[in-house]
Each structure stands twice: as C-alpha cells, then as structure tokens.
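For clarity, chains are labelled A, B, C and D in written order, and residue numbers in each chain start from 1.
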Amino acid sequence: MTTLLITGATIIDGVADKPLTDSAILIDGGRIKAIGHREALDVAPHVRTLDLAGKFVIPGLMNANVHLLVNASLETLLRFEGRYEALIEEAAQVALKAGMTTVFDTWGPRRALINVRDRIESGETVGSRIRCAGNIIGFDGPFSPDFFGKAAEIASSWFVDRVNAAWVENSGRHLMWMTPEQVGAEVSRYIERGIDFVKYGATEHGAMAAGAFLQFSERTQQAIVEAGRAAGRTVQAHSTTVEGLRMSIEAGCDLITHCNMTGPVPIPVETLDLFERTQCGAVIFPVTEAGLAHVKGAVSDLEWTMWSAGDKNARRLIGSGAPILLGNDGGVFAKELLREPWLKATWNGMPEQEALGRLATGHFAWLRAMEEKGMPAMDLLHAATRNIARAYKLDTDLGTLEVGKIADMVVLDKDPLEAADHYRSIHAVIKGGVSVDLDALPERPLLTAELAPPLEEEANFKRFLVHGTRLPGCPSCISGGH
Amino acid sequence: MTTLLITGATIIDGVADKPLTDSAILIDGGRIKAIGHREALDVAPHVRTLDLAGKFVIPGLMNANVHLLVNASLETLLRFEGRYEALIEEAAQVALKAGMTTVFDTWGPRRALINVRDRIESGETVGSRIRCAGNIIGFDGPFSPDFFGKAAEIASSWFVDRVNAAWVENSGRHLMWMTPEQVGAEVSRYIERGIDFVKYGATEHGAMAAGAFLQFSERTQQAIVEAGRAAGRTVQAHSTTVEGLRMSIEAGCDLITHCNMTGPVPIPVETLDLFERTQCGAVIFPVTEAGLAHVKGAVSDLEWTMWSAGDKNARRLIGSGAPILLGNDGGVFAKELLREPWLKATWNGMPEQEALGRLATGHFAWLRAMEEKGMPAMDLLHAATRNIARAYKLDTDLGTLEVGKIADMVVLDKDPLEAADHYRSIHAVIKGGVSVDLDALPERPLLTAELAPPLEEEANFKRFLVHGTRLPGCPSCISGGH
Amino acid sequence: MTTLLITGATIIDGVADKPLTDSAILIDGGRIKAIGHREALDVAPHVRTLDLAGKFVIPGLMNANVHLLVNASLETLLRFEGRYEALIEEAAQVALKAGMTTVFDTWGPRRALINVRDRIESGETVGSRIRCAGNIIGFDGPFSPDFFGKAAEIASSWFVDRVNAAWVENSGRHLMWMTPEQVGAEVSRYIERGIDFVKYGATEHGAMAAGAFLQFSERTQQAIVEAGRAAGRTVQAHSTTVEGLRMSIEAGCDLITHCNMTGPVPIPVETLDLFERTQCGAVIFPVTEAGLAHVKGAVSDLEWTMWSAGDKNARRLIGSGAPILLGNDGGVFAKELLREPWLKATWNGMPEQEALGRLATGHFAWLRAMEEKGMPAMDLLHAATRNIARAYKLDTDLGTLEVGKIADMVVLDKDPLEAADHYRSIHAVIKGGVSVDLDALPERPLLTAELAPPLEEEANFKRFLVHGTRLPGCPSCISGGH
Amino acid sequence: MTTLLITGATIIDGVADKPLTDSAILIDGGRIKAIGHREALDVAPHVRTLDLAGKFVIPGLMNANVHLLVNASLETLLRFEGRYEALIEEAAQVALKAGMTTVFDTWGPRRALINVRDRIESGETVGSRIRCAGNIIGFDGPFSPDFFGKAAEIASSWFVDRVNAAWVENSGRHLMWMTPEQVGAEVSRYIERGIDFVKYGATEHGAMAAGAFLQFSERTQQAIVEAGRAAGRTVQAHSTTVEGLRMSIEAGCDLITHCNMTGPVPIPVETLDLFERTQCGAVIFPVTEAGLAHVKGAVSDLEWTMWSAGDKNARRLIGSGAPILLGNDGGVFAKELLREPWLKATWNGMPEQEALGRLATGHFAWLRAMEEKGMPAMDLLHAATRNIARAYKLDTDLGTLEVGKIADMVVLDKDPLEAADHYRSIHAVIKGGVSVDLDALPERPLLTAELAPPLEEEANFKRFLVHGTRLPGCPSCISGGH
C-alpha cells in the first residue's frame, strides 16, 4: 500500500451537508491521512496523484443485507459442490465491481463465508469486505421447509444433511423447543465459531404461514441479544409482521431487515416512534414504481395487499426519524433460474432495472426507488454508507470520508446528488486506498458465466407433454390432476 | 298408453330426403301405427288429436355418449352417498327435457345405472331411455389414477374401495396383465351382470401420458369384441391416438367415441378409408368457433396442437363417408365445481353456449359446431338419431319416424333444417307415444338445485393466505414452494 | 324435576378426605338440598328414594378438553353435511353415558356447538352439559394447513370456504398479522357470538414445525386474556413448547391444555413453580405403560424423544402443586378412519384400552395412566371433577357433592379409590338431579353406528396396484416414485 | 498386440460338452490362432507363454443388459455434469474387472456411450467392449414420469430439457402418437446416429400402471423391427406383461429383456413355445432364494405376487428350449443412494451378495440364482457367453473360444462347472488377446470412490424434525399430513 493523492474531484464525504468542491484527499497506508485544499496538505514529493477533475468521489458503498451464496437451490449446490467458497468469492467481486466496498452477509454457510472473508482481509483475494452472520438463528438449512423443502424429497439424505449442516450447525429450528437461557447459550457457542454479528428470526421464513408465525418469544429474543452483546457483536432480526418488528426493536436489536414488509397490516405509529427513539436501523426493501406495476399484474389480490402495505411502510419510514439502511438480500442468481416463468411474481421476476435482489444492480434500484418515494439525495447517500457503518458499529473505520478512516471510496462520472441513477456511473472503486481493476472482476465467473450452448442432441429433441397435461379427449375430464 | 293422432306439423322423419308437409302420424300402443295424409289414415273415432300446425316433428334425439353420473369427484360421491341412483334419475330427466328420448351411458356405476334404466323402462320413473355399458373395460375406478387419483390419498380406504368397486367390479386395470383369452372371459362375465353394450379402452384415460398409452393389444381388442358379439352386444372403444383408432376399427368395433381426438397427429387417410369401408360409427367431439377461440386463449401451445388437430379431424370426417354420431360425454356437473377457476382450460370451462359436455345443452352446441364445420342439415339430424340407432343395432325400434317403430319424437317451434340452433326450440317431447310433462323435470333436483346460501359465519370469515403464498419479504425468496 | 333421596351408598363428595359411609343425599329442584345421616335429613314423606347399598357415589365426571366434533376430515364433513349438530349431540350423549356430566369443548364449530349446548341446557335434548370455546384463536379452519390441508386441494372452494368459515369466523390465522390491540378487539367480537370461554394458540398446531412455532407474542397473549377477562370468560391456551407454556401461564391463563407435551425438551423447574404459584390448571395428556410400549414400536427415535419427554413431564407435574385436570381431546372417531394403518403411530392408534382420545373411554385410560404414574386416588378424583370446575370458575355449581350445587353424580359398582379402572363400573348417572337412561344413548347413532355392509360389487372387485407400486421388472428401477 | 501362448489350464471353450484338459491356446493379433495339444500347435520360438496350471479358462463373460450410466438421478447427473463419459468409462472398467469382456448397454445417453465405446475400441481407453442402444424407443428422459419425474419439479427447465434431450433425441414418448410408418421412419433416423442395436418399449416403464400399459401396437412393433433389420441391427424389447411378451416375440425381436417379469400373471405355455420356435433370446432376471426371502419381508402382498410369478416364470423358462441370456440391468449405483432406507423393497435393496443389479457382482448373483433354480452348469456358461453373442449376431467374433474368434477369456481359480459361485474366483481377464491389469481398474473412481468424510459443521448439526412429523401433543391429531 502506497501513498496516493486524489485531486480535482467533487468530494461528497458523507459528513458535510454539501459537497467539497476544491479539496483533495491524501491516502496513506490504506487510510485517509488528510482531506483539504491541495495546497494545505502535507504531501511528500513524488506521491502518485490521481487527477479526477469532473468526477465525484463518495464513500465506498455498503450493503447492510446481502447473501453472497443466495442461490442455495439443489441444482446450484450440486453443480458447485465443493466450490461454495468460489461462488462466494465471485459474489464478493461482483459486489466490489458494483461499488460496494463492504457488504454484510446475513445468511449463508458460516465456514465458507469466513474463509473467503479472511482471504479478502489478508489481501490473498480481491473482493468486497465481508462481515457475516452465518445462519439466521432459528432457521433450518436450505433443504428444509424453511427454504427449498422439496430438495429433501429428491436428494440423498447424505447430501441433504451435509448441506443443512453447513448452514445450520447448532443454530437451527430445534432452538424453538428451548428455554430463553438454553437458546442464549447456543447462540454464544455459535458466535464462537467466528461470525461477525448475530442475526435471528423474529418471525418464520415465509413458507409456513407466509411469515406470520413467531420464531421466538420476547424473552428469548432478549436472551439472544444479550448473548450477542456479551460477545461484542451487533444483533439484528429478520421480521415480517408488525408484532415481530415491535418485539425485535424492544429486544434491543441494532437493525431489522426488510422491516417495511409486515404482511397486509401497516406498521403502527407506536412502532415508528420506537424506531426513532431507539435509533434501531431500518433496512427497507423498496420497490420502484415500474416494479410495483409489474408486481400488481402478476400476483393475487391478497398478495398485492402485502406488497402495497410494504410500499406504504417504506414511505412512512422515510420521515420517521429511523436511520434508514440500504439492504436488498442481494445475491447472484443462476442464469437458468432467472429464465423460469414462475419467477414472474417475485422480486427477482421484475424487469432487470427494477429487480431489487440482484447483487450487481439491486442497490441502484434501491436508491432510485427511495428517491421516487421522496427520500432526499443526501439521505440516500447516508443510507448506503454512514448509517450502515453506524448500525453495525463499524463507523470508526467505515462509512464516511474522514481522516483516519479506511480509504474506501467510489468515483462516479455523474453527480449522485442530482439523480439516484447516477450511482450507476462508476468510474473507479478504491478500497483500502488501492484502486480496483474493475475490468478483471469477477476473476473466475461461475454463476455469472454464460450458460453452456445447446447440446447436439437438443436439435433433435421433442419434448413430450408434461405429466398432467389435460388431453382434450373427454369433455368429462374434469379431474385434471385432481 | 293410448292412441294419439298428430296433425298439422312438418314431419322430418329421418328417412326421406325432404320434410313431409301434409302428413299425420298415428300412434298406438307406444309405437307408430301409420304415417300419411290425415285422410288416408285409418283412425278410430274419438282418438285424441294433437294439432301441431306450424311445428316441426323430428325423431326423438339420441346421444351416443353420455355419463349420467359424470361428476364422480370425492365431494359429490360423498355428498350424495347412497343416492347415486337419484343422481342418475335426475340426469335422465334432464336429458329427456332436452329432447333426448334415448341416451347411451358409456361409463358409470353398473348396478345403479341398470336399476334406473329398469325403473324407467317399466314406467315407474320418467326419464330418457337408458342403455349402458357400466365401466369402460380396462379402466380403474373414479378414485384411481385413471380419474380422481388424489381422492385415494384423502378418503378412507373403506370408502375408496367401495366406490371403485361400484364402477370396476372385475373389469378394471388388472385385465392389462392378462392374455387375450383371459380378458375375453372376464368381459363375458361382466356382460352377464346386465350391461347393454360393451365399451373398452383402446388407449388409456389421459392422466398418465395424455392418452397416448395403449390399454390393450390388437389381439386383446379382438377378444373383447368377440366376447361382446357372442353375447349379442355391440362393442365400442375409447380411443385417443391414431393407432388406437386404427386398432379398434380393425378389431371390429361398432363405434368409437371422440374419434377425432388423436393428440397432435391428424388421422391418416387410410384410417378415414377404414371408417368408410367398415361403416364404423364415428362419435365426434366438435368445438364451435367461439369455443375454440376460448380454448386457444387458455391452453399451452402444445395443448392447442391437440385441440387444433381434433378440429381438423372433425372437418375431414364429415366428408369421409363414415357414419357420424352425436355424442358428447354429456353429464350434469355440480355447480360448485363449475365455479372453479382451473376449469377454464377444459371443455367445460367454455362459455355455457359452447360447452360440449353439459347434458342439458351440449348436444345443441354439438349440432351448431358441426354445422359451422359444413355438415349438411339433414346429416346433422341423422347424426343425432338414425346413425346412432344403427350403430347400436337398435334401428328396428328407434332412430326414425317409421311405421312400427317406437313413437319417440320431438316437436320443435322452428325448422331444424334451417339452422342447427333451432333444435333448442323444443315445444314438446313424446316418448313411447306419451307426451312428457317437461316442466316437471327434473322432479327432484340434486345437482341441478341451487347451491345453499352462505352461512351466517361466512359474513365474518377472513380467508387466510393459502399455504405457499409468496411473501414479499425476502427478495431472495426464490424458493416459492420449490 | 322432583325430589330424590339417595341412600345406602358410599359417598365420595370431592370435599372430604375420606368417603362418607353412612350419609344420604337429598336432591331437590335439580340441586343438592342436603347431605348427611338419613335420620338427620329433613325429608318430606313419600319422597322417591334410591337405595344404593354397596355402590359408590361420586361427583359427575368432567372433562376439561373434548372435541365433540373432532373428526373434521373431508370425508366426515361431507358425509354429514348439514348434520353437524346431530354429530355433536351424539357425542354429548356418548360423553354422558360414559359418566361425564359436563364437558368443555375446546375446538369446534361455534354455532353448531352453541345450538346443541342450548338444547341440552333447556332439556330439549339429553346429553352432557356443554361449555364451548368455538375456534382456537389464531387457528385456521379444518381444511387449512393447520389441520387437513389436503382437503383444500380436492374439495370445491365453495365447500372449503364454507367449512373453514364455520370454524374460524374472525378468529383465524390472519390475527397473527395484527397488533396486540387489534387481536384483543377481534377476540372481544368473537366472544360476543356466544362462546363460554376463550382458547387461543400459544403455539401452532403441529403440522408446520411440529408445534414449535409461536402463534402469538407475550403481549398479544396478554391482550387476549384481557379481552376474555373483560367479558367475564376464563381463558386457556394450546401450548406445545416450554416457552409457549411459560408465556401462557404468565399471560394469566386459567388453564393450559396438554401442557406436558413440550416437544423433546422437559419443562424447567421454574415453570413448574409458576404453575404452583399461579394455580394455573394443568391439563395433562398421559399415556399408560402399555400405550407407551406400543408407541415406542411405531414411531421414529426423534418422535419417541417427544413422547418420552411428555411422559416425564406428566410425572413431574403430579408432585408440582399445580392443579391437575383431566382432559384428553376426547372425541368420536369415524369407524372407517380407525381402520387406517397410518393411524398406528398416533394416540388413537393405540390399543382401544390405552387410546387416550376416545370420548367414550379415553378418560378411563387417563385415570389409569395417572394412577400408574403415582397420582393418589383422591387426587385422581379431584382431577376429574373439582379441579376442572375451579379452573373454569364454575365451582359454585359444579365439581363436588355439596349442598347447593347442581346434583350431578355418578354411581359406581366398585370403589374408585381402590383402583382407577373402577371408574369404568358405571351403575348410573344422575345429571341435574335426574337419572339418565344410559341404555338409550346415543339416541341416533351416526359415527357410532356400524359401517355399511359390503356392496354386491365388492365381491367381484379386484384392486389394482396403487399408483407408485414398484414393479419388480427392472433392477435398475431405483426411482421408486422419486 | 503380440503373440501369446496359454498352457496348463483346463479350457472350457463354450463349444464342447466337456472341458479340454490338455490343450493350449495360441493367440495372435488379438484373435485365437489355434487351440490344441501344446505339441500340435505351430508356435514360433520365443513366444510369450502363460502357464496357467490348475486354472480354468472360459470365454470372456458377456452381459446382455447393462446400463453403464444407470444412476440417472438428479443428484448424480448434477454432481457429474459434463463428466457422463467418465462415469461410463468407470463402469466399463468395473465390468471388465468383473470378467465381462463385452457388455450391451440397453439404455443410456447415446452420444456419451458411443464416444466411450469408440475410445475403448480404439485402445485409447481400457474397458469392457461396449455395444449400445442409446434410448429405449418410446421412453422419455430420466427427468420424466418414465423415470425420475420429481426432478422436473425442482431442477431448472434448462437442465431438465438438456438431460432429457441427451437420452431421448427423436425417440421418446411422442412416438406413441404416431402411425407405425411414422415411428419406423423415426427409428431409422435414430439408428443413423450411430447406435449398435435397437431397443424399444413394448410396455411402459413401471411408474404409470406398474408396467401394464402397452407402449406400441403390434403393427408399430413390427415397423420398428423392420427399421432395425433394414439397417442391419438386431432389435429387442422391454416387456413387463404376458401380452407385451407375445407381441414382441411375434414382431420378430431378437431378444427380450427381463422377460420373466410379467406382473402377477405367469407366462402361458403358448408363449413359452413361441420362445422355443423363434429362438428369441430370453434375458431372465432371477432372484436367489435368500434374495426372495428378503423381498417377501419387505413388499406388500400384491407386489409379492409379482415377484413370485417372476420366479415361477424363470424356472419354467429354464426347460422351455428358449436361449437363455444373462442380463441384469447392471450398473454402478451411487453410494449415498444405496444408504437410503426406501431402497429396501427393491432389487438393489437386497443384501449385497443377492442384489442382481450391481454391475460388479450382479452377474455372479444371476449365475447362482439360476443354479439354484436347476439350470445345468454348462448352460449357465452358455447363458453368459455364447447365447448372448448369438442373440446379438456377434457370434462370428465373440462368445466361445474358437479359432478365428477374438481372444476374450477369463481365467478362474476354481472350476465354474462345479459351483456357480466359482465364477467369482477371477484370476485374470484377457481381452482381445491382452491381459488386463485388473488392479488398476477403475482408473479414476467416481461413483465407486468413497463418500467424502463428514464436514466439520456436521459435528454440531442437530437435525430438526422433518416436515410432517407427528407431534404427540393432540390426541385428536388424526390429520397427520392428510
């Protein structure tokens, strides 16, 4: 790491109310040594200078909620068996290329995540800085009813258990049987395995009662938070109901993911107040206007009630005084999956520009969506940087361009305060004071690689009717798969 | 049964090329005693005279393929447990009211059908004359993979076996394991239980390979036909492929149901020639133009190929020289079933006017559909009367208005030779020389009764999201029930 | 109601530590007017006297947890459509015949239950006295994932919604989306529809995560209890985890059903203490030794862990100071259901003598099971009488043989304090001072009637291999339904 | 390939009735140049001599029915994506190591099989000589209802179509819709893609109606056979009913696989006669006594009827005059699959020694099973060698030890005519005149490799109750997944 001087750019440091227009940044040893008028800086001779006239320098973007191995389907986990770290590495590079110098992985296989995190930390590998939770406390593995339950019907028990274990270890659904004290003890043991922060399920993961069941009682949630605190970790909750939200804020969580998603019921004023009072971080999942229009055409009325409530919540949270964090469950999805028609009614089935969950672009959709909902431009920047650093208690090192902090920054061609879409105009990414070779990322494309071309045999293939196709032979055939 | 003289009407006797415009019909003892000029008839004094000036008298309509208990779903068979004969009776009355004096039930519970048939025959009950096949040889019961397989997962074994036995007896799928001789012997035993004609499956019933599997070999089909012949029964086949069609005609069948439905492959010329040469009866399932438009919008491309081929087959059969028979799997469907959205892509999901399979109206849709496809008006009449009587070898008694035959006739307000839709203008139905009180039918509405009104409790009911509803909480939720 | 004098019997009044051996009971106007030495009683001349020398008179048995319409399967609800009240009446008569003068129905269709309750109350119908909760707050209907989810795949939406509404009204799963205040308000509205007490789900009903999910937070549980209290109702919880148990006791419940069932984790000492301190009623579901042996052979190791923990809990609750209540989810099960092989690994699959859930006999199994686990004889009596009356706050009228109370009593041939099985020796049942004609019950057998004999057709029926049968044709057929 | 002289061994040449005890075999250029007394042979000096005193030399074993890629489950096809040829190569080496110098692959992915076949043929790779059919005409791919239908519910359409295409090309289920002529033309096209012989489905593959449906009519079967003959290929059928068997022999098949498996109905005498008259090859699937005992304990009565009939058929075929061929659907199964409990009721669930379908050992089980059923020792040898060569019309080159034939032979330590189990005593395998290095096989173990050891995470993993576990909380829980 050498010394570097950045000059000529408009600097939006994440601290000041306004951009600094005639300042330079001096980087040394990976950190910001000084910011100020070029002339006022104490710069050694022959220091490498980067002239960024006409560009905009902002703090490195952060993402409060990603899943570097999100595509935990049977197909992907088998195809890349033994290479999960390579998938995570690829994702960390996709994130970095998209301007995110730090990402928080809030669900994934602990050991693989930690290994990649450490390789990036040591400089062995390039990629976004990773902080990770491992499993969500209380959730079972990818091949369980909590996620892809059907996989367990078709794959061998040997593989099913192996995959589930890689995610769950001692932190799974069986904790629900336990007392608060017992759960707290298990969480402490899980923390010892090297995770950076704790995430637990306040509510269940969707497939059972659409997210309405509670995973843990208030007292158990408190025990989890205490176990986290005792180990110096921040703690966050997955919540999808208004009661789950209230419980987890009151339990003392540092942040709540997709907190605007509360089923068909809007967040009560009392809970908005609670957010403000506790300064609990609110990770919002917003949808753009175009995205909402797409969803409305693809889902049932009942489901629309829920999307609609989520949108109203997002709008009300903007003015609530809660620290708002950018997060999107961002991940890299397999190309063959994104072609499936059933995806249509989901976040990822939206048109590419609006899809929230894509690691490479979803944060840009997030910023535009929140801009549409009325969030001021500087607040958008804070949501993507400073607020996240604070919520995760990493603001000593990260989140703003201040002297002494790690020199993470993104250089944009266009002014991000003018339009949220300008965040897409990435000119350069500097992480830890070093300019990243963006063109080289990802270094070894796996999920981002093109699908293999058709086989010779596919030219001759005639697909038969799938099982259950209704034959137009019998008018009386009312059975139709019943 | 008394004597009756019908005068004044235009008589379309099903024999002459043209209507008889100044003839009367003398009925005695349930049969036609004479047809001719009023003056030429030897009529006793005080004979009851029916003046039908301006009306049109045609032979009683027949339907070559109905299912008087078609709604063999778990729900209906439980709701009407112990009352299957009442359901059949209701259907026979619906048929009679719609102008059908004779119907051929080609799939149903043998004992119940026979009992109702006999009660109608003896005059104990009013209704369309029934001739029935009982089960389709080779098919399993309603609660089997051949029909409503899921019922077997949910109902008690006791009830499942009981219902299946009522349809199947010794004639089910297990015959497929046997030699031709063994199958022939079982068919003979089944005939002894009182069925009027034999129907077997040349191909399977749709749910396994969309109808493409063969149920029986050529030799077994011949053995079944021989068993039928030996017992003086006509024999017919259920077929849904071009090869099934060829096999069953060559095996010597008297008629083939829904013979125009042959999957995606059109009937070859050789098979059309075979129809003409053998004069095997061709029961066609035609769809109206409006019906086809509806279907095209509701089914997949692959399924549409099949509907489309079926339509082409119907058109080509019209000019093929094959005796064409009206038949439509007509039945009475439960009202709650007809409200289900999944019905949309089926015969019964078409708009009411186009739906082929409704017992009360489907034959009218049949006539209009075939008229649209170019079938001459007199041929339409024959398809609905004479051709059916001949194919079933009942033309000594039925099918035309000729001296000596049973006095079955329908009186129409409008000329059926002018437009097929005029068949709907039923003024009166005379069966066995007796005028039917149409307003009284059906006497005891069950499936045709209105649905019960909502319960008091339904006013307060909030339907929860069904299992599997996709919660918009996690963008990463790509699992969606997978 | 006339006056009645009972003499000669040993009286176990549920109050005294020991039986009264030379006392008589004077009943007047349906209530106990006096108890004491025959000579000391002020008896009018010509009063009808019942000499019960050698017999044992105990308070009418009560059951804290029955389901008079427990068999809410699709098959039963269709077969008896429109006759649910008749099913409930039958069950109330089965209960009365088995010595239970009062039963508490803790899950069922509100309106039907109330109607039968009122008819019995008014004397229009004979049967056990009913107090009912209607639906369990938070649970969805019979045809939902909470109970028989598959029914919704096969029955019409019309019927599914109708049945679900009859149970759920405004009290179902959708409450889980709401705030505590909103839930409380809905409960108040539900109470207004005429239920006698409130029951809610502290934990979910088994099928999602084997009962481990929480249905409501502590605060919501408190809101439910408050809504009940405000309306003068007792409140109870369905709980199946140790944390659910703690939460519901602390929320102020009057009793907890099957409180010994807490998954694989035993109840902590703190919670046992809580029971004693709050005097919350503990409805225990105990299994006899023979029953446990049966279960162990039929379930997986993991499931056995849960049965085993449940047994340990039962034993520890005996000495805990908690008021123990007899309750067993007792109901009348359809005969065809009890023949299904998959029942083997369930409570109802145990040998008849050990099966806890049978309304006619399960309470006897309960008493024997608890006797085996060491519960003193007099405590057994209290569990089946006084404790239940107290928990439901009906001890002014019920639960013991005391002057002023309703004259409900059971006359036994054998001494119940000698052996729990002696409760089976019912000689007579007196309810409200009137002797019940036990031989006449149930008056109109429906579920208790014999199954219909086989149909004629069943003699000929050959059952085909069910779908998925593995054919021994291909050694390579490892697919086997996969 | 050099010259080799084999001396000292007992030679069972597959031609003579008795072993040759004092003969030598001279091999040159990969073929047998001479057999006779050592002294009588014209042997060049310095020829390499293999002294096999005390050993037994038999023709190279053949297997008429293997599947070198049998484990076509979703898990295996994903795990080894892109390496299917390596799996086939491994299997060909497993076969060779087990004494099979030639195997006939009767179902698999055409292109991959052909490529490996050619590499072995050219000497590029070592392995059993392969002749292959590609797909079974009329069957759909691995991820279809014909095999592992559930895979299509869980894997991406992209992968499902890709795999299915690799097996099916133009030869799948859609042929069932076609006329005989059309099917014949498709088969001709499929042959052109390089398969060695034709195999078609006379009956369906088990999962629909347990194998009882017919796939093709007699006429279509004849058209397939004609297409094969016209291209100089032998033709065989998959059949699982007595009628399927008769049809395929009459259609002119050269051999029929698992012809003794005919559901619950034994093969009629007429069909046994047909076998003898046509000399159609009968590939029998026999089970040992110990294997049958195992099966009986694991399957239902109905399934046992089928196993039992298959055994009777095997016994009767032995004396029928039909040429009997060894074949067993032999393949290499994934180790994780063989641990699944549901395997118990299948061929592969038998104890290792009795399991017919294992490529490495199943042929030994075959020989012992047939010995137990009374097949003479020399006939056993013929079934495993000469009869197969003849049925496949390859007896000019293969099947016996005769001058001019390819020098394939197996050297045994023990006399195979003494006990069938002595075939296991393989001392050496000579293929094409070259001694195989058995210890080196398989060269690159994939499916035969050991399973990976447990992950670190598995030490901490607590498996939660699977979805649907019955909670012992509610005696009324009769739903149990219903």
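Simple rule for what comes next: a contact is a pair of C-beta atoms (placed from the backbone, for glycine too) under 8 Å apart; a residue touches a chain by one contact, two chains touch by 3 or more.
Chain labels with UniProt names: A, B, C, D = Amidohydrolase family protein.
This structure is a prediction, so every number in the text was calculated from the model and none was measured.
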Which chain has its C-alpha centre farthest away from the C-alpha centre of chain D (Amidohydrolase family protein)?
-> C
Hey, which one of A-C, A-D or B-C is the same interface as B-D, over half the contact pairs lining up?
-> A-C
A-C versus A-D: which has more C-beta pairs touching?
-> A-D
Rounded to the nearest Å, the gap between Cα centres of chain C (Amidohydrolase family protein) and chain D (Amidohydrolase family protein) is 60
Report, in whole Å, the distance between the mean C-alpha point of chain A (Amidohydrolase family protein) and the mean C-alpha point of chain D (Amidohydrolase family protein).
-> 51
Between chain A (Amidohydrolase family protein) and chain C (Amidohydrolase family protein), centroid-to-centroid distance (C-alpha), Å | 49
Chain A (Amidohydrolase family protein), residues touching no fewer than two other chains | 73, 145, 148-150, 153-154, 173-174, 208-209, 263, 337, 463-464, 467, 482
Chain C (Amidohydrolase family protein) residues touching chain B (Amidohydrolase family protein) in their complex are 73-75, 78-79, 81, 109-111, 140, 144-145, 148-159, 161-162, 164-166, 168-170, 172-174, 334, 336-337, 339-340, 451, 454-458, 460-464, 466-467
How about chain B (Amidohydrolase family protein): which of its residues touch chain D (Amidohydrolase family protein) in the complex?
-> 145, 153-154, 173-174, 176-180, 182, 204, 208-209, 212-220, 241-243, 246-247, 262-265, 268, 482
